[in-house]
Amino acid sequence: MSAVLGIARREVHERRFLLAAAAVLGLGAAILRIVPSAWAKELGESLTLLLVLAFPAGAALAVGSSLIGRDLAERRLSFYFSRPLSAGALWAGKFLGGAALVAGAFLCCYVPMVLSWLRDGVSVEPQAGGYLLLGFLGLMGLAHVVITMYRSGSRLFALDLCFGAAFVGLLAVEVRHLTAAGAGYSLFHVLGPAALPAAAIATVVAAAAQFVHGGADARRGHRALSVAVWMLAFTALGSVALWGRWVLAVTPAEVGGAGELVVAGPRGSAVFFMGSSLKGRAGFRPVFLMDGQSGSYVRLPAERVTLPAFTADGGMAVWVAPSVSWWWYAAPFPREVMSFTGPGYGAGLAVARLKGGAPAIEERPLEQPDSAATALAVSAEGQQALVSGRSSVSLVDTASGRLLERLPLADVMAGDFLPGGVRLYVKEVDSSGRGAFVVLDWSPNSGARVERARVPGDSRRLWLLARRGDQAVVWMGGRGRLLVDAGRGTTLTLDSGSSDRPGTAVVLASGQVAMSLADEVRVVTREADVLARLPIEPGMHVYALGETAPGELAVGLWTRSLDERRTLFFDAATGAMRREEPGLIPATPGGGMRPQPEPGSFASRLFVESGGKLVALGPDGRRRTLVPTGP
Amino acid sequence: MLRIDPRDALPIWKQIEDGLRRMVGTGGLRPGRPVPSVRDLARELRVNPMTVSKAYQRLAEAGVLVVRRGEGTFVADGPPPLTRAERTRTMREAAARYVSLAVTMGVSRDEAASEVASAWDGTLRSREGER
Amino acid sequence: MSVDAVLSVEGLAVRYGPRTVLDGVSFDVPRGTVFALLGRNGTGKSSLVRCALGQQKPTRGATRLFGEDAWASRPRAMARIGVVPEEPDAPPDMTAAELLAFCAPLYETWDDAAARARLERSAVPLRAPFGTLSKGQKGAVMLALALAAAPELLILDDPTLGLDAVARRALYDELIGDLADRGTTALVTTHDLDGIEPIADRVAVLHGSRLVANEGLDALKARFRRVRCTGMAGPTSWEPFEPIATVEKDWGREAVVTNFTEERRAAFVARAGGSDVEVAALSLEEIFLALVGTAGARS
């Protein structure tokens, strides 16, 4: 033991200048951050980042390559082996010394930085330091391995280079495969932290094999090292590949079935849904696209799925698939996975054919994509798609992704295809800050724009609650709920009560509107006469409203704890409650982004049970659970 | 003085032994006086101490040197107590060696004998001188 | 294998790819002897020493230290062995004092005072980094480190290489002193044949990846002579001698013979008839040159 410590002490003593430099730089950077001058602070910031990452990395490389490297180059290993020192003791002592140096250099840079951050009130993740240190130790081990292979003078080095290239290539392929499938977060934030200590341990084990088997014989040691390194590396790679397969094989049941975010096609039985649980496999939460009839499903990476738009016959769904770079996942700070309904940074248009059986998906690159693009609508035959972006709305050819027409119009919330053009629902803010909700008809061929309706108000508090044909229900904070008829160009106030919650609404087939208010669901006529008031028990909230059959209003209720969910069915004309379905709420959350499903369609009769099971309610009231059967 | 010639056909221990004998004989090493330690003589001659040790051992067995425990090695006080037979044999062996040396060099008997006589005289003379 | 062999080499073979460096070398180093291993450069002496020290695994055969396999028992064996390598291999930034402090806890018997005395005798500054010392001083430090542990076996790999006369003398002084004090066994490889000749007990000569001699120095010197025959009426063969390195000159011929005895000399002289026969003893260097100068010399 004392031999090990003696050697370790020697290694540290030999490179004590490294620790001195680290201490000086670390303190210097910290002091710069404290000094009240602005440029000093900036200098301190950049110096700090450089220090915490670059300096320990450089130290790790220098230490790792010189642990044995220098002795090998100068043929001084025999000094140790001519003394009563076992190979294991020599290895342990050198690595202990090296680790102490790397840890010391890292702490000298890291601790002053953390202290000054805490002083500034920035929160620091406690594990971050540990992972960084493990990463640097792994780097040290890697440098040792490389330099040993290079300096031993054996021809094995060429073979090592080949193996190294093969390993890196295969690893890149696997990483790309996993990130393209959407498991990048799992890879970098679940497996990644485990990989760092594993790599560090692997290099240390390989070095032990080198010393114990090879002793002072550099060539023999190199052989042992190479065998150990490549066996460990390719085993690890194989394990990662198997792990990846396992992660990607997650089933809907494992992610808690269907969460709240469910989108169903207007016809047919295709359903998009994301899991309700955050767990999945290693945090992998894909979006599932399932055919309700057969139960066969496809897994889609959540980051590459935005809100889909369907053709009227439900045979095709289109969405914008943003491109996601693998290095997004590798950032040291946890990145929030984009939600299913959020905007995307357009790069591709995904087209899914849903006619019967398993869905088939293709992707075309979007020509000149706008940032934050979402698909709004698809033409009836599925040939064109309407895509809105941060600063424009575009007409895109679905077969090729080519840009057909573009209108520089920001904040287009929803859209429809009409014969001869498209209808756009726009949140407008003019230069003086005044807002309005505008319905606009646009003919891309002629470029003509016709304004159908305009509702001035606070566009910051504007929600599109429901849409059916020409009618749209809009909530504007301060003005209440309004019914906008684009065909007639009229605006009708349905309820002027000011509330800070938009609630939900549905336009019934009869033309009446049902909407949820604070403590009741109200059904009003086109003339804003109240037809019925349906009280809501205290403690329950209205999750969604829907028309499950012509004249039948479904009110989905749930409690905060999500244990209690119920749907009440009312006669829309009279307000009489027909029946109650316990344990179910309507699956589609509504909202005016998409046109409402037809009453009686599959989408209108799709419910979610607690536990995430999707249930289709038959016209006879019988429940049919949609069972995911596999890809 | 004791000199070692590595090129000589005689083993080094023999050269040391003969040299010491000569020194004792000529009076260079007086009876009762200490001889250099094995270590010192080995270092001086730059030879293996075992070699010196072997020479000393043989001389001690022959009675030329005396080892006193705890004190060291000394020259014996008187001539070595040899039996008549031993003395004769030793002399005969030395004579045989001397003669074959002379014969191989082609030296005549008389010349060889006269060398013996003058060496004898010379040795006795220096012994007298030392007293 | 001798019962009391401190170092034992058995059928050692070392190959680097197609090149055979040692081919079936065997010898024992008995306790208390000074064993000189001689050979020209590139004959595999270094490989042999590395195998003997358990630092290299031979292609075939084995080396034993104190009866145990050298490779397997190396750390244990090194506690009883002092090594002075051909190239001083101490870390260049360590001072002599630091080297002593580093090595001391590794050994059970460590005489720090004696080591310091040795260094003082060789005028080695204790606080100068090893890399800044002269060659002689470096050698003195390596020897001091080796001797300080009171080893049973000393292995000196060409210890006088590159040393001037003064440094060489100092090294032999220390070595002889240690031999006298403790009866250490020593294995010495060297090119300084004149210096090692008075000290060596046994000699082995490596030539062409094999041993062409392995015996006591006295016995070796006793059987080697240079025989010169002048005059034309000499015998045409060298019987009963076994000659190597024969030379024909106009005044006659001479040869180095490997099996000299007085009887054989008398027989040869008898056969020589009228020609003059001169016989001269050979130094170790001359014996070595005769053994390795001829290609395929017979042992």
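Read from first to last, the chains carry the letters A, B and C; within each, the first residue is number 1.
Going forward, a residue touches a chain if its C-beta (ideal position, glycine included) is under 8 Å from a C-beta of that chain, and two chains touch if they have at least 3 such contacts.
Quantities reported herein were computed from a predicted structural model and do not represent experimental measurements.
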{"item": "Least hop count linking chain A to chain B through chains in contact", "value": "2"}
{"item": "Central chain (by mean CA position)", "value": "A"}
{"item": "CA centroid of chain A to CA centroid of chain B, Å", "value": "103"}
{"item": "Centre-to-centre distance between chain C and chain A (centres being mean Cα positions), rounded to whole Å", "value": "74"}
{"item": "Centroid distance [mean C-alpha coordinates] between chain C and chain B, Å", "value": "30"}
{"item": "Partner chain C, residues of chain A touching it in the complex", "value": "2-3, 6, 10, 14, 74-79, 81-87, 89, 215-217, 220"}
{"item": "Touching residues on chain B, where the partner in the complex is chain C", "value": "4, 6-9, 11-12, 38-39, 42-43, 45-51, 100, 104"}
{"item": "Chain C - residues contacting chain A, complex", "value": "50, 53-57, 71, 74-79, 81, 83, 85, 87, 89-91, 93-94, 102-103, 105-107"}
{"item": "Touching residues on chain C, where the partner in the complex is chain B", "value": "32-34, 169, 172-173, 176-177, 179-181, 183, 194-195, 197-201, 218, 221-222, 225, 262, 279, 281-284"}
